[in-house]
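What follows is subunit A paired twice: with subunit B in the first complex and subunit C in the second.
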Partner chain A sequence: MSASSGALRSSLNIGARRSQRLAQAMQRWPVSVRVAAGVLGVLVVVALLANVIVPLDDTAVDLDRVLDGPSAAHLMGTDEVGRDLFARVLHGFRISLTIAVLAALAAVTVGTLVGVLAGTMGGKVDALVMRVTDVFASQNHFLFGILLLVLFRPALGGAGAVMLAVGLTHWPSLARIVRGELMSLRERPFVSAAIGGGASRWRLARRHYLPHLMPAVGLAFVLTVPHAVFHESAYSFLGLGLPAHEASLGNILADGQRSLLAGGWWIALFPGLAILTAAMTIGTLAEYWREHLHPRWRSELEL
Partner chain B sequence: MVKLITRRLAVLPLILLAVATVTFALTEISPFDPVEAYVGAENNVSAERKAEIAHAWGFDQPVYEKFGRWIYNLAQGDMGNSIVAGGQPVAGEIASRASASIALVGGALALVLAGGLVFGVLAAAFRGTLFDWLVRTLCYFNTAAPSFWIGLLALYVFSIELGWLPAGGTSDPRAVEAGGVDLEHLILPMVILALTQYAWFTLFVRNTMLEILREDHVQFARAQGIGELAVLLRYALPNALIPFVTLIGTHLAELIGGTILIESIFGWPGLGLLALDAARSEDIPMIVGITLCASVLVVLGNLLADVTYRIIDPRVREATT
Partner chain C sequence: MTSLLEVEDLSVGFRTRRGVVHALSHASVTIRPGELLLVVGESGSGKTVLAHTLLALLPRNVDVSGSVRLGGQELLDLPPAELRRVRGRRMALIPQSPASSLNPVRKLGGQLLEAARARGLREKQARTRLRELLAELGLDLEFIGGRYVHQLSGGMQQRVVNAMALVGEPDIVIADEPTSGLDADLVDATAAQLREISARGASLLVITHDLRLAERLAGRLALLYASRIVEVGPTMSFFAGPAHPYGRELLRALPEREGKSIPGLAPELTALPGHCAFADRCPDRFDRCGESIPDLYPAPDGVLARCFVHAER
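So, the complex of A and B:
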């Protein structure tokens, strides 16, 4: 049956059907999800096209306009050397989101690999791998991430070390889910049937295991992104993440801390609002997606 | 109960051993050079001198020997010597900074519990009203907003603009050490640290209360004509408290991680600030030491949660003893 429906699907235009299905699904979205999707979409597009639409220079120094409050000329004011904060926050958002997406990808990769390793090998390998997972899971993400940053920053640079720090701290919950899912899949009749039908390991993995694991992996990825944004900005804010000259949101917040005493509240306010908006919109979308995929994951996927 | 406690405490060294092994493995894998970190980036220390330092600290020994010595020393409470503490033992420095962190985390935990309970119960009691909506919206806002950002804004508003509270630090670190907590300096960091966790608790209490309010024994109490306040406090709340207790253990770890950011912003001289100083000076023994201490605290926190769980829930107690 799966072979004939597969042939049918490939004969149709899958792309068109998918977009049609997406459009239908969007009509059912509650208002909050629509708003979140819209805001996030606008933010991402604006951040990606920051230089293309409006030629905003985030490095132009204007010493006549040092620490100017928000105005029509500078929507978010200027910083301690007269750079336009709006341009800096847009660039910072792009840098932070890129690093966060890559870091979340790293975490999901580690989690999936460990879960597959434990779930397919079983026995002693499984026991050992899961004990190591327990050790990582019991660590505080932030503190353990700092240890990783200090150890690997000289070799990997700021951005690479942040990705590693997030990637090596945010994987245990996904690894457990993937392992559990694999273990239950192995016992299902359709898998036994496939094995009995002579399916190769590769075919088994691709046709039967992967489609069942994808929702958990995809959701873990989306849920990790806001965490990664927070970690990057927090590490950079403390001076342990990206080098100070790279305008990530965390580095701008560190500028903001220095300017507080001089009354420059806007430098601290706006980059934080960017983080908040990203976290809230992605969180709303992920939560809606999770409810539709698998209500049980609420407790297990607590990152 | 005693069996549970002794069994869990017996596992504690094993957990520490596992954490120590993982951190050791990471330092061995990483290309990080502790001698370079010790002499500083720009230095004219000769290669021979560096080799001498490496030899004096035992860095040139084979891996298994280093690992054995590290575990052996650890078993005796020796976590090595710290760079930020001027070459003094890590353990002593951590002990001298602990009281400031205990005051901060303890105060924050008390605030989280009190605030979470009050607002969670009230939101459940007034579900669907503007108050409920306000509590939930603030909670969602709170989980998404970075704690250090809220800390910066609070610092600006309450210390710089209004001048109500001191901008940071404590007037006398030794006063904290001696047990006399400097409340005026503690308020802002304590409240902001509490804010990092209170949203989870509030939403959790609200949702558990809503579930319990639908249960039969609550309906029965209402049918008997018992007032709504008594129903809430005597029939629903005790049941909502049970799962609430287990959360304290897990969120203790988050509070400890949160102190790094909060203590850095407010200059509170606890373990978080020590961890940050250590990270900035690439002081690996100190960071590993604090990581180990945090692991112990998490285990103890979970144990405390389990013990409390048994004390307050007769069903669990009878099922296991």
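So, the complex of A and C:
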């Protein structure tokens, strides 16, 4: 390798380390994406370190300080039984986000498996699987989720039941995408070229199908997370999710709704802001990622 | 000399809603080791179906009869595991349109290595072979490896798929329309590359409708018309004077010759006539042409032609 071609290679960014490439990519991020990534990063760190940051106990009742407004001692004020709202929002955010991530993971797993089953088997299996998918998709998924909660909450507990309810109601759209993607992939010339070159089914799935499916699956996962946060909040708000004393964004909102009439606006405001911020930042990042998924679009966008 | 590939009485029909599409009817050709055979014909004459049948790349709604033997081994009805050992290792395909035959979302290095691994090479061996092979084709593995297919020019893409086909050192390489959509410069370059592949000792089956490419490659030529081989013989005698009226009219249609197109259309493959398929368009037609399908009759210069003109001799 001569010196000049080495220089050419480095200027063309070939063989650069992953971290260097990430650093270079970050320099191209628009302001909105940088802000979203920064805010989400802070939120996640804060949620993970909730216990360290707020030494206050989020379940400690202080009946002398019921419905205090935001102050230096209680940054976000206190709720109707005098619990520190900042501590509750942080813990609630952590629990809600964890449940949402696991629920989205469940939904994406079910959706991918169903889509792969239908897309690779074809024929009667495909028809049957997709009709079942239609049945799931045609239900109001929120009501169906409530049914699942009622059925499984006794056995799985609040958090587990919420994950199950979200996981089993949010897979049909991804299953359809995966199936469609596989159907069109099977007709692509590079697939028959690979078969003609002696590739086995397994190699085909791993090397050719999966790399094409990953962006759709990854994106579906990221987009399902904020949606799952909404669901968790909504179920808990209705009293069907986590037990009322446990902090989750939905539970705090439910408390806040009662306190609004007593003038305690802050109790609904802060968990609401947390939900909004999480959903907006994840949404912004997902949107940017979607535009840059395909190597070809990527290089066109970079010009 | 013994044959490497023997195709005997091969018929391929696609079952469709509009009836059976007879893509290939009773085709027989042989290729000897190191030989170059051109399969020429207009679109829809069955060329690509022939290539895909050899590698068993056909869809499920297809009926195949006849026999395809590679080095004496019957390939039709071969179980999938054994078929994989033939594909790429003994018989390799240079696919039509390199741009869409390479995976657009993976870098080429991984795809090249994988192609080598699929042909049974180990990682290190594969790297060395690929580096040598690409260097012979004027490409650098490191340069190519870090790129996606859309970042290469058409000529480079072609060389990458050529390297993929050659990495398993196959006995026979099938090139499916290697010049479709290429400009004159690249046709020249492709012809040179194909001749080089042939010079390495591999047999070559080139599927093309490009008569200029055919003339440049020489070897032997089989002309297809409406799913049947109508003429087979040395390429040079075909260009000197085809034995079949269809071949003659086809050459006359070339712009640099008379540029005179053949009147009429080829028959529908769902409703092939019970007589010579070219009869309706043939200027030399006589009574017998409308009655039965001619066999391949010997014509001068070692050519076989499916025309009653030669039956008279």
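In the analysis below, the second predicted complex is superposed on the first by the 274 of 303 C-alpha atoms of A that agree within 3 Å, B and C clash if a C-alpha of one lies under 4 Å from a C-alpha of the other, contacts with A are read in each partner's own complex, and residues count from 1 in each chain.
The rule is simple: a residue touches a chain if its C-beta (ideal position, glycine included) is under 8 Å from a C-beta of that chain, and two chains touch if they have at least 3 such contacts.
All values derive from a computational prediction rather than experimental measurement.
Engineer: So in the superposed three-chain picture, is A:Trp265 touching just subunit B, just subunit C, both, or none of them (first/second/both/neither)?
Structural biologist: first
Engineer: Applying the document's definition of touch, where does A:Ser138 land relative to subunit B and subunit C: first, second, both, or neither?
Structural biologist: In the superposition, A:Ser138 contacts subunit B only.
Engineer: Just subunit B (first), just subunit C (second), both, or neither: which does A:Ala155 touch?
Structural biologist: First partner only.
Engineer: Which partner, subunit B or subunit C, is in contact with more residues of subunit A?
Structural biologist: After superposition, B is the partner touching more of subunit A.
Engineer: What is the shared patch of subunit A, the residues that subunit B and subunit C both contact?
Structural biologist: In the superposed arrangement, which is not itself an observed complex, subunit A uses no residue for both subunit B and subunit C.
Engineer: In the complex, go through subunit C and note every residue touching subunit A.
Structural biologist: Touching subunit A: residues 52, 55, 57, 84-89, 92-93, 95-97, 100-106, 110-111, 114-115, 118-119, 140, 142-143, 146-148, 150-151, 161, 164-165, 168 of subunit C.
Engineer: Please give the residue numbers of subunit A that touch subunit C in the complex, ascending.
Structural biologist: 1, 5, 9, 12, 14-15, 188-190, 192-200, 203, 207-208, 211-212, 294-296, 299
Engineer: What does subunit B use to touch subunit A in their complex?
Structural biologist: 15, 18-19, 22-23, 26-27, 30-33, 140-141, 143-146, 148-150, 152-153, 155-156, 160, 253-254, 256-258, 260-261, 264-265, 275-276, 279-280, 282, 284, 287-288, 290-291, 294-295, 298-299
Engineer: Please give the residue numbers of subunit A that touch subunit B in the complex, ascending.
Structural biologist: 131-132, 134-136, 138-144, 146-152, 154-155, 226, 230, 233-234, 237-240, 253, 256-257, 260-261, 263, 265, 268-269, 271-272, 275-276, 279-280, 283
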